[in-house]
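Next come two complexes, and both contain chain A; in the first it sits with chain B, in the second with chain C.
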Partner chain A sequence: MRVVVDLNRCQAYAQCCYAAPERFVLQGDEILVYDPAPPASDRAAIDRAVQACPVRAIRVEHDALAERAA
Partner chain B sequence: MRDGTIVVAGASLAGLRGAEALRAHGFAGRLILVGDEPHLAYDRPPLSKHVLTGEVAPGATTLPGVGALEAEWRLGVKALGLDRAGRTLLLADGERLAFDRLLIATGARARPWPAPEEARLSGVHTLRSRDDAASLAAGLAARPRRVLILGAGFIGCEAASSIRALGLPVTVVDPEPAPLAQALGSVIGGFVAGRMEAAGVDVRLGARVTHLEGDRAVRRARLADGGTIEADLVVVALGAVRNTGWLAGAGLRADEGGLSSDGACRALDEAGRPDEAIFAAGDVARFPHPLYGHRPVALEHWGNAVAQGAHAARAMLHGADAVGAYAELPAFWSSQFGLNIKSLGLTEGADAVAIVQGSPRAGRFLAVYGRAGRTIAAVSVNAGRWLPAYEGPIRDGAPFPPITGGADQPDPEPVPPGLPSREAA
Partner chain C sequence: MTDASDGTLFAQVRDSANRADPYPLYARLRVRPVARQDDGTFVASGYAAIRALLHDPRVSSEDLPPAEHPPTGNPVKDWIVNPLKDWVTDRHRPFIFRDPPDHGLLRRQVMGQFTIARVQGMKRRTEGLVAQCLERCAGSRHFDLVDDLAYPLPVTVICELLGVPREDEPRFHAWATQLATALEPESRHDEALRARNTETFDAIADYMRDLIREKRRAPRDDMLSGLATAKDPQAGRMSDPDLIATAILLLIAGHETTVNLITNGMLTLLRRPRELARLRADPERAPRVIEELLRYEPPVHFRTRVARAPIPVAGTVIPEGAPLVLLFAAGNRDPARFPDPDRFDPDRADNQHFGFGGALHYCVGAPLARIEAEAALTALAARLSNPRLAEDPPPYRPGASLRGPKRLLLHIDGIG
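Up next, the complex of A and B:
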């Protein structure tokens, strides 16, 4: 799985941190640290994070084509 | 245009997002992305931050979108030249790719240390690519006695922050009177300097390194004032130069500052005329920004790569007239020393800056930059939610400072921002 967050757009509402606490963490008030390559087993949590983001800043890609290409 | 062949030179963020936009807008022909690195498109912002601290592996930064894109990838192959009349891109492996449209998104590279034999000393790093970050992270894992960072721009400061977080001694040297002076000025940069020093960074401002010395491995740096700094790992963070060398002889207006393009992202020839088949986007593109008097700017911003890649794609398919002039408001972020710094607009040319919300003392504030009484940029420090309100005033060139009578800053006091002159930079 590949994840990227548009940190121009991110407003540190931290909803992703509640939805997928293993993969999204706020450092201080508003520095978001996230795992850009979470394991496939986290799919449900990552999808919850994408849906929970109030500013639609999270993008995820699930398919395995890239792994094959790489 | 829906069919034919589109070649994208450059397989990083702008190239990838441009290619995605081509497909999203109905391009059904052959799409080829050429990248000089062996990696699929990856995200650079983590490289100076969580990759250096070890929280993110260098190889984990591959961008979403690479899997679903219906395209051919030519990775690990440099673009060597452009036959503009023949509409052909020449690759380093001898392949010649004919195109109907070409998107040039070859980005920029780290400006190297100017003395090549010193730059080759082991322990001397630059930080731009994923491989650079992996190499630097490996060097840091060997626990150098002191890390010296040359340049206190965003990459230098973010690297300093990450390396201090590893507990390693860090010295930062920069000729300006404050870190981030070129982008933010010495007033806001001075606040960041205080945070750097509080984090234990040895900050040497107004200083210049003239030589790196060592026998195979770097041992020390010599300063212009005759002093030395003992360091066994050096990060050269002196900014970037645009990857336009391969365009030499192609008849386009290109140099180390970028490839000139128009508002529809069409590359300009040496006479300044747009080429209808060749487009530019991302760090490499130098375009006239309508919000800043059509001054040519080349932005090394993540958001610009995304938006301009998409704008170029629409122009390639639907024509220049259909898309209008690219006018994305410049925006970027940086995180370092516990500070989340976000910016809208361009500060260059500002004659005043005012703290209009919050305060440096509280560690949370918003600064607005003005020029000739007009608002041109805003920067938030640990106050990102305050920033979007300034997009309108910046776009409109609203009177500066834009807000008076606020509860926490009732009477903003504009001061000169302390931006270096372009010549000095």
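Up next, the complex of A and C:
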């Protein structure tokens, strides 16, 4: 799974950090750091983060082949 | 296009006769995305206009007029929060009614206590509380979602997060119910109600002051201890009046809102059995269902502001000093922003709704509210056997802004 956050869009609302704390962390008050390649087992948590982001800044690309293998 | 009754549309929104279905009125309001009402209020109902105003620094949340009454000498009365405005002082409004820079300083201190660990820690607990509520109703064929589950849940959750001792919690349930009536504009004109609310504020403020003293003496791992003892690098330690105002805000802001999300949610799903079945089959749909509910049937229909300078927007100019209504629930159904807006569709792409507001005042409790709603809706979908609405539409509480059913009676075959 590949995760891309549009950091121009991101307003540091931190909603993703509550939804998937292992994969999204705010540094200081406004810089978002995230895991661009979380394991497939995190799918539900990542989806929660995508849904919770108030500005829809998070995009997920599923790597179908790798996920089928996993 | 003009509408002869343009200037009274918002009065009609507030009329309880339109509570069950205000959406046709919202569609008429949107013909002018920012519309002047006969009483001088400006109502923003178009998505783009609401968004622009939410981000506009000339738009102020300090929309309470200055306190009309001189200090009373009673320290409690003189500084506690009072949405009824009688003796609220400028310094001790809760931060939902404040502008920068104070707003940011207070909000940051609260966010610092809303830690991820604390919020995530409530997930299991919330699921347990929901299960307890359902156990209590096992064996019966009726179920009032409001009384039996949605109403008590958020109060228990916020009391535990704040660190209110469990034996005191029943008092909070009673206070929360009373104070919810203070949030509606209509309550200002009801003298008896105002008096009761004033007493309730006094009681909570007294209670909180003692509890804060206790937390300072013997801090625990809870939000109130954190707020009472932490020092912000810029703002220093939060004052007692601000602490009390904040604690009351957290109690009120998270109560009816969460109740409405759960009850409007179940109502919407029961009207669409296919969606209920899909949630039951796939609980991982819950986050999508909840975001779409926050757009389609939001718990908070509007918030008020005031224009601090003339603001040109959507082909009109809001004059300085004008009261302003941001009609979130209308923006959420704006066809210019959401294709087929009156359709409930959890699979909708790019769902940037106003369910939790936006910009500086974006809901502090959103992560907690999502946890509570998810716990409740997934358990209800999974465990209620053959649920049906006993009345549709259900009776609504009077509020036009915090809009939700007074009760939601369900017939069920049992609880699994």
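Just so we're on the same page, the second predicted complex is superposed on the first by the 64 of 70 C-alpha atoms of A that agree within 3 Å, B and C clash if a C-alpha of one lies under 4 Å from a C-alpha of the other, contacts with A are read in each partner's own complex, and residues count from 1 in each chain.
Note that a contact is a pair of C-beta atoms (placed from the backbone, for glycine too) under 8 Å apart; a residue touches a chain by one contact, two chains touch by 3 or more.
Computed from a predicted model, the values in this text were never measured in an experiment.
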Inset, instruction - Based on the superposed arrangement around chain A, label chain B with chain C as either clash or fit. - result: fit
Inset, instruction - Examine A:A37 and indicate which partner it touches, taking first as chain B and second as chain C; both and neither are also allowed. - result: first
Inset, instruction - Applying the touch criterion given at the start, work out whether A:A52 contacts chain B, chain C, both or neither, answering first, second, both or neither. - result: second
Inset, instruction - Tell me which of chain B and chain C touches more residues of chain A. - result: B
Inset, instruction - In the overlay, answer first, second, both or neither for which of chain B and chain C A:D29 touches. - result: both
Inset, instruction - Return, as a multiple of 10 degrees, the angle whose vertex is the Cα centre of chain A and whose sides reach the Cα centres of chain B and chain C. - result: 120
Inset, instruction - Would you check which partner chain A:C17 touches, where first means chain B only, second means chain C only, and both and neither mean what they say? - result: second
Inset, instruction - Compute the least Cα distance separating chain B from chain C in the superposition and give it as a whole number of Å. - result: 6
Inset, instruction - Kindly list the residues of chain A that each of chain B and chain C touches, one partner per complex. - result: 29
Legend entry - chain A contact footprint on chain C (complex, rising order): 108, 111, 116, 119-120, 284, 287-288, 290-291, 350-352, 356, 358, 362, 366-367, 370
Legend entry - Residues of chain A defined as touching chain C within the complex: 13-15, 17-19, 21, 29, 44, 47-48, 51-52, 54-56
Legend entry - Residues on chain B engaged by chain A in the complex (per definition of touch): 39-40, 43, 45-46, 50, 55-57, 59-68, 73, 302-303, 306, 331-333, 335, 338, 340, 342, 364, 382, 384-385, 388
Inset, instruction - Show which residues of chain A lie in contact with chain B when the two form their complex. - result: 2-4, 6-8, 10-12, 27-31, 33, 35-37, 59-61, 63-67, 69-70
